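Note that the chains are named A, B, C and D in the order they appear, and that numbering of residues resets to 1 at the start of each chain.
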Amino acid sequence: MTAIEHSTLEVAVLANGQALSVPVYRIRGESDGPSVYIQANMHGAEVQGNAVIFQLLEQLKSQHCLGDITLVPLANPIGSNQKSGEFTLGRFDPITGENWNRGYHFNKSLPVEFAADNKHLTNDEIKQNFRQAIIDDLEQNKLNNPYGAKTSQLLCAQLQRMAFDADIVLDLHTGPISSRHLYCPEYAKDRAILFDIAHVLFIPSDFDGAMDEATFCPWWQLQQAYQAQGRDIEVMVEAFTLELGSQEWLSLEAAKEDSNSVLSYLQARGVIDGEAFQPRKMIRYGCMLENYRALYAPQSGLVEYLAPFGDVIEEGGPLVQILHMERYGELDCVTQVNAPQRCIPVLHFASASVNRGTELYKVMTNFFTL
Amino acid sequence: MTAIEHSTLEVAVLANGQALSVPVYRIRGESDGPSVYIQANMHGAEVQGNAVIFQLLEQLKSQHCLGDITLVPLANPIGSNQKSGEFTLGRFDPITGENWNRGYHFNKSLPVEFAADNKHLTNDEIKQNFRQAIIDDLEQNKLNNPYGAKTSQLLCAQLQRMAFDADIVLDLHTGPISSRHLYCPEYAKDRAILFDIAHVLFIPSDFDGAMDEATFCPWWQLQQAYQAQGRDIEVMVEAFTLELGSQEWLSLEAAKEDSNSVLSYLQARGVIDGEAFQPRKMIRYGCMLENYRALYAPQSGLVEYLAPFGDVIEEGGPLVQILHMERYGELDCVTQVNAPQRCIPVLHFASASVNRGTELYKVMTNFFTL
Amino acid sequence: MTAIEHSTLEVAVLANGQALSVPVYRIRGESDGPSVYIQANMHGAEVQGNAVIFQLLEQLKSQHCLGDITLVPLANPIGSNQKSGEFTLGRFDPITGENWNRGYHFNKSLPVEFAADNKHLTNDEIKQNFRQAIIDDLEQNKLNNPYGAKTSQLLCAQLQRMAFDADIVLDLHTGPISSRHLYCPEYAKDRAILFDIAHVLFIPSDFDGAMDEATFCPWWQLQQAYQAQGRDIEVMVEAFTLELGSQEWLSLEAAKEDSNSVLSYLQARGVIDGEAFQPRKMIRYGCMLENYRALYAPQSGLVEYLAPFGDVIEEGGPLVQILHMERYGELDCVTQVNAPQRCIPVLHFASASVNRGTELYKVMTNFFTL
Amino acid sequence: MTAIEHSTLEVAVLANGQALSVPVYRIRGESDGPSVYIQANMHGAEVQGNAVIFQLLEQLKSQHCLGDITLVPLANPIGSNQKSGEFTLGRFDPITGENWNRGYHFNKSLPVEFAADNKHLTNDEIKQNFRQAIIDDLEQNKLNNPYGAKTSQLLCAQLQRMAFDADIVLDLHTGPISSRHLYCPEYAKDRAILFDIAHVLFIPSDFDGAMDEATFCPWWQLQQAYQAQGRDIEVMVEAFTLELGSQEWLSLEAAKEDSNSVLSYLQARGVIDGEAFQPRKMIRYGCMLENYRALYAPQSGLVEYLAPFGDVIEEGGPLVQILHMERYGELDCVTQVNAPQRCIPVLHFASASVNRGTELYKVMTNFFTL
């Protein structure tokens, strides 16, 4: 029976002086397997990852864990509690509009400087010293800045501080109304098939503020910096964002399946012992991030979503129909929006009312099988 | 081919000076059948009624309409356009919090005064003169008040002004996540079975501000006032609120079914000619409004809704399970909320995150078959 | 030196499982003076009352308190923490739109029933037994209801439970942009002049859900019920709502003045000993609640507020000018809204952008000097 | 008398099918003076710029305008009408959280490519051809994209399309609670003193999505690209953001002063004839953008803002005091936040309730006199 330690970490303080904290569950690895950090629910409405952490904990209890595993459900207590009407408006800071998953820290000059200053370190020394360097940089710029830092930056920095100790980071999200999909850094392409996730988006080494990028960008750019010096090292850390279906939806049964998927990845990476968990056989599609396209509503109106997730839609195939009840009797009272090119729909907007310019669907184009 | 007239009515003005208006579709009756007013989408997220009006118009084109029919989709342009995150936060005025469907006008002294002052009128004169009296009262108090009136009152008053001309008023709503259900005034109990709606809530003659109440309360209380004087008259006007399923959801196909349901009612009431539309055979359940109970969350947490709509749940039967991921390892990490008494679930909350005191389910208790 | 006890009371639980609580400060009376309950900040943006409680505590430390005094700042932790943009959207429950200060409990049949059932009690017995009756009723209907209760009702019920133990209740609010004003029940008219507040609104015995009404309505209606039986008793409890200026504004200095005003009232009522605090000499105006009128914007646009608080504005005098920049070049690019009758402006809307129907000003009409 | 043409431009469409448009006022220049584009109210709550446009139009009527002037008040009808409680939550798209003033288009490869491809053009040809190039690029990528574009991008692109025709662009904003200040590109430093604005922030050539940057970045980077090729050209277009005080505040009188300030700039730049308008004598302070620092709340609580705008605060001088009413009786019930270094406060947060990490003040550091 694996022991699970439970603690809490204060990550925010409300105007009435009350602290908000996140639960932290920790498993100590039995040997020197890779260490893992898993969090869920950074966006308030995306709750299903919490259920996956529940099922992971249930299953890990009877596994041999070779590396340390830290699991943080309910990672954003501000977002979890931000309601506007029935819905959980927890995607962005209600004060500033800033997306909670864009507040992570990355100092882009650090990898190049480190590689320049540390040419003769061993790989192990690189790993240890660079990890310390990014931790120091985070603490100095965000956690101990004399001018303070934004609420979102403080929250992110504290989560990131835990993630920086890990070799593997999994950030559990969901789409709005969505099928399962995976964000995978290009350099870790071969590991995408270890999850039971049929749609994979491959992302480049640019930083846009998300947890996965904040985790792998320093290490990936470090690898590139050494490569530019003529030395080949591995990217020493990897991170994935798992999108586990739709927001505002909880299912313990579906979460069990997703926990199996995560465990098959963890087992393949040597975090847990044995061979009990294997990825399911399925057709997996991938595309590059630049080919993962949002289609914005060309007209306002009331929307019926027509295209099922996962199907290949040919160019010109129907995606949505829009009802314009202010125009009854005119030809265009019901209009249709079609696919601009061959694509696979992955998610769609969560409301039946759209403005011109609302994101209707996100689709994979120029996709390929993995 | 029935002619459909199209006009627009300005109901609000935005801060930048732009008017917001509603589309108004009108069919002139071929003879003296009852006149009808149908509106949809008073709450911004409840869009399906628009599709029902679309299908009604499509079908009415080839019917003989004996009475006038006025149809107003998109009845609340402020609510339709009030977004907060993806969702349409159009249930209440964002400035004041006032529920848009509680802003209608009713002067409760009017029926008693009218009955006292007009003892010797014929029934036809009562109908005509009392209609004029409530119209005058509305205009004086809301539309032409020297102090003005609230935004919600102005919107409601203009819709109500149109509804006051009708003998039958149907207000098309939806629940959050919901099965079809019908609000029916107790005095019109026998007409509940004319709709294809399995769950019916019978409401008393009290006024709580909604369109259906604002329509029938004056006439019902007038009937009561004459009755108190020893004269029996009919309630001369009737109104229903139809809840057509879930919010933020549009389906032209489901709307076709609901338009058939409305047409079967209208045909039975002599608004359209013939016998083409008949109510479907189904088991219909009813309960009194006081027995339509909301169950509030006894604990906060992440919710999986277990009870299907329409099934009879016995006392103690499971309604939801709540995941408390901050308590993993404790016995009550997953708790269950059970039915306090035998009931039929009709709708549930639209989010998987709830606070203590959030409305989880609304259920019919002490129900009976119609 | 008066001892101040400090405790906290849990009043809500967030979706992530964290409890929200309010601080409770208690002073034990040295003898049998009236007991007092003072709360502040039930509406999230109305923070100044907290500063007044701060100054009261500072001053009470060196007073002889004859009755118990309970002070609850930050009374609504949900509202205090509900941001939308920079502002504290804490006036209504973000899920339901319900005004936080309308969720208190009052069972209107209780006073009449109690008076009927308890004709022969002494005044002291009436006070003690009726207090217990309303406490029991509150607990049964709100705190221990098998169907639960709404979030706002649970919060209110817990505050109300504390207030029910007191003979005097002061609820500290502010307006939007506002001068100081006082809501005073008609029966306590003579006590209005004990506060340093120039504008007084006299309210009738109807219940509309606010804390002051929830406090005095049971006792006032009890007095009326006994009176109907031919027995004259006093209204045994009194409650006031103090509006301390504008929302989103904190001033420790202004709070000191308001604490003096409250202390002069408390001293006059025998809660604190001595004669140190006297009401300031000022012209005080009063009007009946029905004559406290809201003026709604007749047009949308950008507003410059012209009428200063506290001045008498004659009929036709200017209240606001509205800029309509979409109409430059037309005569009505700048319009003016004038007083429909002689009045004293007490507060105005907090934004420069208004819709048709937005409350521009609240004004006293048919006012008189106290 | 200068003729003012009035038209309207549709910039968005609501879910109920209604178009939202902006008013456009145009003055044709009498000769070949620089052309000017002035807009106001891109953020919904920042209304004072509309009043300044009103006063500009009033004054321009009697001036000789040498260049074309286009004035667009109420530039963001979506933001103007986005209320949340009393306040105008019009800073970011309520659906996505995206700041309305970050949605402008800039293709950063364009200047370098253009300079490479057009080495031998005359200065006039550069101005004409590059202007066409950025217009074409905008239309292709935003206005005519087969995938559509975001609501905010569509709004911005249409405003930007008008601004691209001008040589001078002024974007009128306000702070939250704020003194007047000016964002000025470093290359136009000498023109900062032409406005009656005491605080100037000098911004570099990086693009962050705002209107001023979207206007000058292409031209500034074009100048840099030619310079890298050894050819010196001027930056041919200039743009400023004027912050005119506080949001949610309208004053026609203050607007008159600001219109004089704008006219003194326009006269100096040859847009209007004569010498009637001269900048006022005042001490003007400037700092580089990197030295314009936000101070974030180190603690949550209720805030009293202490530091007046425009004063020099020494290191350690008091900026705010924070009241923590949950800690009465403890030493830190009232805490103070002090200046981390010598600075001039320019604006502060608009609410008295702050979380840890809320922006309290923005201050100029390392400032200098102009």
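Simple rule for what comes next: a contact is a pair of C-beta atoms (placed from the backbone, for glycine too) under 8 Å apart; a residue touches a chain by one contact, two chains touch by 3 or more.
This is a predicted model, so every value here is computed, not measured.
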Most distant chain from chain C, judged by the mean position of its C-alpha atoms:
A
Pick from B-C, B-D or A-B: which interface has over half of its contact pairs in common with A-C?
B-D
Roughly how far is chain C from chain D, centre to centre by C-alpha average, rounded to an integer in Å?
42
Separation of chain A from chain D, taking each centre as the mean of its C-alpha atoms, in whole Å:
34
Geometric centre distance via CA averages, chain D-chain B, whole Å:
47
Send over the residues of chain B in touch with two or more other chains.
14-18, 74, 80-81, 83-86, 88, 91, 95, 302, 325-326, 353, 355
Give the list of chain A residues in touch with chain C in this complex.
14-18, 20-21, 74, 77, 80-81, 83-86, 88, 94-95
Going by the contact rule at the top, pick out the chain C residues touching chain B in the complex.
12-18, 91-93, 95-99, 146-154, 293-302, 324-327, 340, 353-359
Per the touch rule, the chain D residues reaching chain C in their complex are 4, 6, 8, 23, 25, 44-45, 47, 50-51, 53-54, 57, 73-74, 80-81, 83-89, 91, 176, 248-252, 302-304, 321, 323, 325-326, 328-329, 333-334, 349-353, 355
